[in-house]
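Next up: the structures, one after another.
In what comes next, subunit A is part of two complexes: it sits with subunit B in the first one and with subunit C in the second one.
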Partner chain A sequence: MLANYLKLALAVLRRRKFFTFVSLFGISFTLAVLLVVTALLDSIVNGYPPETNLERTLGVRDMVMMSPDGKNTWQGPAGYGLLDKYVRTLPSAEKVSILSAEAYWVAAYKNGSKFDVGFKYTDGEFWQILDFQFLEGAAFTADDEKNANFVAVISKSLRERYFGEANAVGKTIEIDGQRFRVVGVVPDVPVYRFTPFADIWVPISTSKSTTYKNELMGGFQAIILAKNAGDFPAIKAEFREALKHAQFPDPKEYNQLYGGADTVLESIARMMFQAPEFDTHVERLVAIFFTLMLLFMLLPAINLVNLNVSRIMERASEIGVRKAFGASRVTLVGQFVTENLVLTLCGGLIGFILSIAVLHFLNTVQIIPYGKGDFHINGRIFFYGMCIITFFGLFSGVYPAWKMSRLNPVQALKGGV
Partner chain B sequence: MIATTAHLFKLVWNRKRSNALIMLELFIAFLALYGVTALSLFFWSNYNKPLGFSYANVWQVEIDRKEQGDKPSAEQTERLRRLIRSAQTLSEVENVTASFTVPFSNSGKGGNYTINGKQLRMDINEVTDSFKDVMNLQLTNGRWFNPSDDGQNWIPVIINERLCAAGFGSESPLGKPLYKPEPGEKERRVVGVITDFRKNGELPRPSLFMAERINMNDTASFHVPHNLMLKLRSGTTAAFEETLVKTLQATVKDWSYRITPLQESHDSTLKNVMIPFVLLGLVVGFLLLMVALGLVGIVWQSVTRRTREIGVRRAFGATYGDVHFFVLGELLIITTFALIAGVVLLLQLPLVGFLDLVDASVYAASMVLAMSIMYGITALCGLYPSMLASRIQPSEALRYE
Partner chain C sequence: MIQLEHIEKVYRTDSLETVALSNINVAVQQGEFVSIMGPSGSGKSTLLNMLGLLDEPTAGTIALHGKPLQSFRDKELAQVRNREIGFIFQSFHLISDLRVVDNVEIPLLYRKGLSGSERRKLALEALDAVGLTSRTKHFPTQLSGGQQQRVAIARAIVGKPSLLLADEPTGNLDSAMSEEIMSILHELNQKRGTTIAMVTHDERLATQTDRTIRIFDGRQVQ
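Up next, the complex of A and B:
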């Protein structure tokens, strides 16, 4: 039965090549766009090296500090003082690392040319939570941080800029007017992986000034490693509780703090919606994403429906014969929907190939001012893609099929609709 | 002709079910296209307005003081003065100014103030006296800041012509307070008018702008600016950057410096807007191409199906032109219905404040442009099938079964 449907479907597709081409064009293009977007989001939100522990990691990123009357708010990255006092001490956390909220861009000069270097302050735990593959040397330790040793881990491309092909460990690198001894070299991290990204990582205590130590707000983030994701609610609750008892240098100016220990998606949602009390709304973010995706699919889907509807006419006599010989409406709908699914699957295949090509292109050209991407299609995205295709095939096939099954056999045989 | 048009309407109406889906498709395509035409015209009209300043040979030095807040401190002021002096000693540097915000950066200060009963939103900058010469601003009325403004109990401000027109109409703003100060706040008194200072670059919409004078001798209320701007002698190369950073680091070693030629930030700002815009244009272009190809298929199919009908018309004396008119006319009527629905929806945009974002002329022109493109596309789609239809011979068509 199904084999018959498939044979029929392919025969129909071959019959009117123009229609088949237009349908495939629409489907493959739509899927390629959706897959590229999904792959881009996936590589930001999900764990890729060095963030292999992402599914059991939370982050404390932007916070909001509020005045007693709630009129003055200060939103921005948390301060080192706050993170040191209230996040490092969370009982349910296995490990906590404090690092710069984002990489500072520092200009470096070598042999008369200038290049931008992403510069980040971190501590010893950072290297334990994140899973860096060291090309040479090793990470700096908590002791290095405590003793303010001028040591640095650098990226592969920074090593190339400074030392060419030679090894870098043990050598000195001068950046932003300070000199660091290189202790380790790691592969480049793409710039959109904003927690681990940098070209040079140095201990926080090597900062030029020490005022950061007591600040509640400004310049830092924390990442929290839990034993497993099951501990997330406990950690979130403990952090909320800790914020309620936070001490303020001048309670008349500011006396409330809001924020949370978040997954990446929760952080994005928190910053996007700017809710009062700075709550996160992941469900809203997901709803917006799916609505946009559906809206984008609407036009190609209607286009396909229109093509299908106008094709029915061409097949009126076939349908008339089948009806006259007693084919039920369900059979006809089943047949037509199968045909449409075969069509969308073919289009989907082309779409996959297209999206791999686009991602490959994005990886090779420098679209972002600094560094290259490592976007790719994996099993998870393939699965999303198959879901999208199937949904699309059903969505665009059901109405024409229903309309087809309602044809009056006598009229259909005569060729009129 | 009127009779024929009426007849076409009837035909469209008779096939309303399947035509409705085509209309829906064209309606959505029109809305997507409107988004692109509106953005294009918006950028184009902004691009053609003068920037009001010149960024050639101007470098920005961003100072990271590694401290929070803008608390005034005599020591910080002193350090900033030392930096400015040491930059001025370099032979490549023509002029130095300090400013809060710089051109082509996302961050900036803004404020809502009531001026002559009107609530106005403006961009605000705080600058030193040499800012006008470094940025090559064009003064059209009054005077620029000068050292005689020290020690006044009011703060001198410069406004752009747009703010002058919006707040003061045809009256002269000179010597007047820009807005009524809150108790305890110093009066902002307008001393001059400049053509413009579009800090966000060519593509965003020009905004209202006000610059306050930084009084570096008044350490009590003084915020230390984050940026120095250096006007360099023409011909200075990028190699000078390293010398400059070393000089600044030798002067105040606790601070960090990041140098960007404004030409670079200009180019990257332009790129940051243009890349997403081009991507959007490409996606919408592909969607329209898909819709167009689909339409060709549909019209083709309907022409094939109606071979007999067209044959009869031809037998009764319809000319080639009549058949063209007949096939194309039907398509254009469907398009017209879709566009009417689209325009009705777009006419609601001003109600949700769309005209605060774009000029009325851009709003209207982009609607007309999008409509013309839609008509163009559908006419083009109908052309080949209608040519096929007009070639149908009556004898052949009537034999068709």
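Up next, the complex of A and C:
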């Protein structure tokens, strides 16, 4: 029966070329856009090198400090003092690294020309939590950080700009008025990998000032490696508990701290909704994402519903014949939904090809700094794509199919609806 | 075999009530070849639709093999049509996107327990019965009117129904082709024992059947 349905579905698509073109265009364009967006998000949210441990990593990023009456709030990145005192000591954490909240853009000079370099302070644990593949040398260590050694790990691109084709390890690089000895070179990190991204990573202790050491707020983040994701609730609870007992330099000015140890998705939600509470509203973020996705699909889906409904008249005789020869309503719904799924699968195939082409373009041209070759359709995105196609096929097919199946066979055989 | 008792069919709109059939009592016996005659709009096709369980009467009862069908739901009626009834239409109603053999297979698609090869075998046998073995791979538009109607007959008999309903099967054909179609119907009736009810305008064709039911203004006059 399925073979007969498929044969007819393909014949109808061939016969109604304009209808097929309009439908396929709508489906393939919609899917291509959704897949490209999904591939970009997948690349950010899921674990790709050097963030291969992402599924067992939490981050402490933005915090909110509040006055006793709740009227004054200070929202922003956590301070080194807070992270050192209350995060590094969490019992359930396997490893904790403290690093700059984001890469600072600082000036570097070479042969009289100036260029901007992404600069980040980190510690020794950073290199153990993140999975960098060293092209040269190795990471700096906890001892380097402890002893404030002026050492640095640099990116491949920075090496090329500063040292040309030559090896960089052992050479000196001057950044923002400080000279660092290069100990390692790593591949470029795309700019949208907020936590690991930089062109040069140096020990925190080489900072020009030491005031950061006791600050509760300002300029830093922590990444926490758990033994496995099952330890997340314990780590989150321990951090929450630790914040309750935080000591404030002037409790009359500020005496409350809020924030969380978050996954990447939770961090984005916390940032988007400026959530001062412990709750990140990640469910709201997911709901908004799916609603936007649905709205984006709605227009072409309604268009396809409309086109399908308008074809009822054209296929009335066939429906009448099938009913006369024993097709029940359920069988007819099955047939027309199958036909629509064939159409959407064809559109989906084109959509996949289009999205691969767009991602290839994004990978080839350097629109996103260091984003070369990082976007692709993997098994997970293919699965999402198939879900979108199936949803599209069912959503746009069921109502017209149901309407077709309700046709009176006598009227249908007369060609009316 | 099929019995219609006190059948009424009324079409109602907001402002109009049209009586299509009134107090029709028809019984078609097993193995009979019955013709239904009447002027245009008299209700003969509506009667045929009642016999074919395609339309519900406003009042009255329909029984097949002595079993009343009023309480049957869509799925059950579909199964009865599939197993017991074959239809031949004036305008053939072949699906132009499907090849001849695929058109003939349609009734078998809705019959459980048949494999694809069994369906194909039965469809080819039905086409052989109407003399169309050389046209199985053609599309309907590549055939003459007479050939198309023969495909429609093959489709109607492929499921070996006990009742064949033909709505002016020769209405769109010339006299030579009409004879050809009539001879196939007679052969099915006489050799296979298929019960046939045929709507026709043609008195000459009606005389070739066992008896004629005449309808005028929705009423049975004979």
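We adopt the following convention: the second predicted complex is superposed on the first by the 407 of 417 C-alpha atoms of A that agree within 3 Å, B and C clash if a C-alpha of one lies under 4 Å from a C-alpha of the other, contacts with A are read in each partner's own complex, and residues count from 1 in each chain.
Just so we're on the same page, contacts are C-beta pairs under 8 Å (C-beta built on N, C-alpha and C of every residue); 3 or more make two chains touch, one makes a residue touch a chain.
None of these values were measured; they are calculated from a predicted model.
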Subunit C versus subunit B on the shared subunit A, clash or fit after superposition: fit
First (subunit B), second (subunit C), both or neither touched by A:Ser209: first
Contacts of A:Pro409 with subunit B and subunit C, given as first, second, both or neither: second
Which of subunit B and subunit C A:Val12 touches, first, second, both or neither: second
First, second, both or neither for A:Val22, with subunit B first and subunit C second: first
Subunit B versus subunit C - smallest C-alpha distance in the overlay, whole Å: 10
Subunit A - residues contacting subunit C, complex: 1, 3-4, 7-8, 11-12, 15, 317-318, 320-331, 408-410, 413
Interface residues, subunit B side, partner subunit A - complex: 18, 21-22, 24-25, 28-29, 32, 64, 66-68, 238-239, 241-242, 245, 249, 253-256, 258-259, 268, 275, 283, 286-287, 289-291, 293-294, 296-298, 300-302, 304-305, 401
Residues on subunit A engaged by subunit B in the complex (per definition of touch): 18-19, 21-22, 25-26, 29, 33, 79, 104-107, 109, 112-114, 176-177, 207-209, 211-212, 215, 217-219, 298-300, 302-307, 309-311, 313-314, 367, 369, 415
Subunit C residues touching subunit A - in the complex, by the definition given at the top: 49, 52, 54-55, 74-75, 78-79, 81-83, 86-87, 89, 93, 95, 97-98, 102, 105-107, 109-111, 116, 155, 159
